[in-house]
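In the two complexes below, subunit A is the common chain; its partner is subunit B in one and subunit C in the other.
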Partner chain A sequence: MNNLAKLADYFATYPFVRYAFVVGLLIALCASLLGVTLVLKRFSFIGDGLSHVAFGAMAVAAVTGLTNKMIIVLPVTVLSAILLLRTGQNTKIKGDAAVAMISVGALAVGYMLMNVFPSSSNITGDVCSTLFGSTSILTLRKSDVALCVVMAVIVLLMFLLFYHKIFAVTFDESFAQASGINANGYNLLIAVITSMIIVLAMNLVGSLLISALIIFPALSAMRLFRSFRSVIICSAVISVICAGAGIILSILFSTPVGSTIVVSDMAVFFLFSLIARCKGGRHA
Partner chain B sequence: MKKTYFFAAAAAFLLLTACGNTQTVDQLSAQNGDSAAQVQADAPASGEAVSNGEYDVDLTQLNSNMIYAQVYDMLENTEKYTGQTVRVQGTFNYYQDPTSKREYFAALVSDATACCAQGIEFVRKDEAHYPEDYPEQGTPIEISGTFYTYTEENQVFIELHDATMTVL
Partner chain C sequence: MGVQITCKNAALGYENRIVAENLNFSVSAGDYLCILGENGSGKSTLVKALLGLKPQVSGEIVCAHQGIGYLPQQTVVQKDFPASVREIVRSGCLGKTGLRPFYTKDEKALAAQMMEQLGITKLEKCCYRDLSGGQQQRVLLARALCAAKNMLLLDEPVTGLDPRAQTELYEQIAALNKNGITVIMVSHDIAAAVKYASHILQIGKKKQLFFGTAAEYQSSKIGQTFLATGGAEDE
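Let's turn to the complex of A and B:
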């Protein structure tokens, strides 16, 4: 059976393959939209920091025996995102240091909790699956898919409705504020959307690889395009295609899902860099 | 707690909680209040898994990611697969409960990242004794049998009954 026929057979036969595709593409789309804003605001690493916070929150949820871990994970991640994005400029601990501090702190606390109060005997498996996503994306249930679709729709709506304001806040926050835009409010919105995407993306690529999902499509698009709109559209297309390709390759050739998606993103980045160099375009 | 240590690091129910969605055990436990081990023998339902004509669910044609996800689906939706014939390849694992002396045999399948594994217990249809009639632990084996579930200490486990084992 050739690979195409095999893939078609998997789609027709296994509902979890269809779920993985729907969720994977939606997460990739949302992450890419936000990625451009985060990269331009010099917050590329915030995805990493927040995913570690989500890891810590997930450990707390596991220790407390919560069936629905989102009750803890989502609010904690949102709160951390607000703290990081809003207080980055005007605090004693500046943005990058604050991200690093919260990131490693949450990772350490999460890992310690999982060891001291193990929720299962396979701690290594728990940690590995949370950090690298493992095959979580292939073990989704209908309710998980529904939750992801709802959250993705909320993220997309917020982004489309507030596109111009996000654009203004992204490029010149001070000017946006001076022209009457509630920059703090939109920073808060960006923080909330970021944390929602992080929590969603943990299922897809795991907490260690989320940053790649956010920054690679944006950076690739920036190799070839200059305007905010074209970069966002290109970034979304790249991200969705790479996520789809990554999921298909991992299903067909049994490679780790998250790593395969990120490697696809990296390949596109190098390809776009090469094209940009050949065209004599942007290199930065 | 005897089952908590079943197959040390990678046995069936441990692995239910190890990867993917960890709500499985909670849900399965909630559905079953009986602490005594009991075998469920519900009528088979129509499954969506691959059938090759000889077996209702043949996992031997799938790669490790797909096997892992399919076994997870079988653990999640036990009623869909109960009574169906299943064939699977994995590595042999054995555990004997020190208190009850009950023996457990399983085939373990790992995912691509090798950090997660899931196990399917089996009970052979022929008279067999451990260790003389079984391979060493970790040996690749193929198991075929009929899918059933049983409940023990408020946990639901899956098991292949009337199983035949082939050392690969």
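Let's turn to the complex of A and C:
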């Protein structure tokens, strides 16, 4: 197989390809785990909103010429996550509008800043790569990889240790609170970790496509599986496989990494929907 | 037959907006108390206070918050939630797990026993969203029983059920009460309240309208008025 040989060659020769692969799989895994909770709690849009906030913060970081953009991007995104969650608790519509407002606002401010204070000659390229993560995953340094591994370990540990509590808080917040679980605390934890995943995932798929990593695997898994545990496991497996396939395909056919991953996630979603329909289950 | 809840001159609500005040009632072990009241009369705030989620503004509420099995109103989120019956019932044991990340054998056995008691053992592996409304309420009731030491707090449990499922659920709850579990139910259904409950607490706009046994309620003026009108909301 010519393609396989080519792939093996890439992996052996270029460390950044290996880095991209590891980081891609880890981010996909974390995003899908959180995705199930976010989708079920009707928080899908928070991922979208936060990613736009991250874009805006990224623009500010670029304009100020910081070498380590994470210093600005991470705290700003985490802070917005907490804020969004706060407003979301009072009334549903207000929270909804707040997400839309913050997300569009951050997008506009970010793009404006990038244009008014251009940090490089190729603004369109900069914007495009922040939005769609076109090449940055191939420029990962060792420290980025280490950060990703640490994050992934944190998310996985959180899921293993608090699995039942996360289930309870997702399924029924009032009951969870009544039985002495700090539901707001867990919501906060989920929001903070979501925003960290989003910041990391910007390298992989860019800020516009992050939501796809979060929601598609969860939605696909929900087509076919009927218990919380199986949905979570299936969602993680789908996400990792799609991310792996997406990265490999993008190397072989020189397509953009982010969109290739998202397209393969979509393909799985349609496949699963089709299977669910054929099985004749009760699905929307 | 110890007193489990005492509420003396309690006022509920927020700093600047009192929802209900001068609440005086008590609940003894084995009682079946029905809390009646129109929308906005502070029923849900009272529920939160009894659960210890929102402290009273003034007055006194003595109540062991832990060990109340709570059956909240259904939320939109739950309607298409992919979770098996077993997962949901077991989550009733979470109050006991603390930081332990798994369930013990005893907790699993307790969940199994509660499913057996409510006749949903054969649904154990079914998905919650595929169940009928009555079955869903049984699942949540089993979960509440796992959390309950000796008291159940049910928030409008029959809402959205068809008449037959309503009767079945009422009978189920009455049976649990006969086995010695204290039941507190928030309800709109005055006829059922009088039929099943031992005590009635009625709250109106900002104040307590009645507290006493179901028999007293039926012979009281306010009880007769409400029974005659079927507890119409505009009353």
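By our rule, the second predicted complex is superposed on the first by the 279 of 284 C-alpha atoms of A that agree within 3 Å, B and C clash if a C-alpha of one lies under 4 Å from a C-alpha of the other, contacts with A are read in each partner's own complex, and residues count from 1 in each chain.
Quick note on the criterion: a contact is a pair of C-beta atoms (placed from the backbone, for glycine too) under 8 Å apart; a residue touches a chain by one contact, two chains touch by 3 or more.
In this text the structure is predicted, and so the values were computed from the model without any measurement.
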| item | value |
| --- | --- |
| Subunit A as common anchor, with subunit B and subunit C clashing or fitting | fit |
| Partner chain in contact with A:45 - subunit B first, subunit C second, else both or neither | neither |
| Subunit B versus subunit C as contact partner of A:141, first or second or both or neither | first |
| Partner chain in contact with A:251 - subunit B first, subunit C second, else both or neither | first |
| Contacts of A:11 with subunit B and subunit C, given as first, second, both or neither | neither |
| Arrangement angle, subunit B at one end, subunit C at the other, subunit A at the vertex (C-alpha, nearest 10°) | 170 |
| Lowest inter-chain C-alpha distance for subunit C and subunit B in the superposed arrangement, angstrom | 38 |
| Residues of subunit A that lie at the interface with subunit B and also at the interface with subunit C | none |
| In the complex with subunit A, residue positions of subunit B that touch it | 4-5, 8-10, 14-15, 17-23, 26-27, 48-50, 63-66, 68-70, 72-73, 76, 111-113, 115-117 |
| Subunit C to subunit A touching residues, read off their complex | 51, 53, 66, 68, 70-73, 75-78, 80-84, 87-88, 90-92, 94-95, 97, 99, 101-103, 125-127, 129-130, 140, 143-144, 147, 153 |
| Touch list for subunit A against partner subunit C, complex | 40-42, 160-165, 167-168, 170-172, 174-181, 222, 225-229, 231, 282, 284 |
| Subunit B contact footprint on subunit A (complex, rising order) | 10, 13-17, 62, 65, 67-69, 119-122, 124-129, 132, 134-136, 138-141, 144, 250-257 |
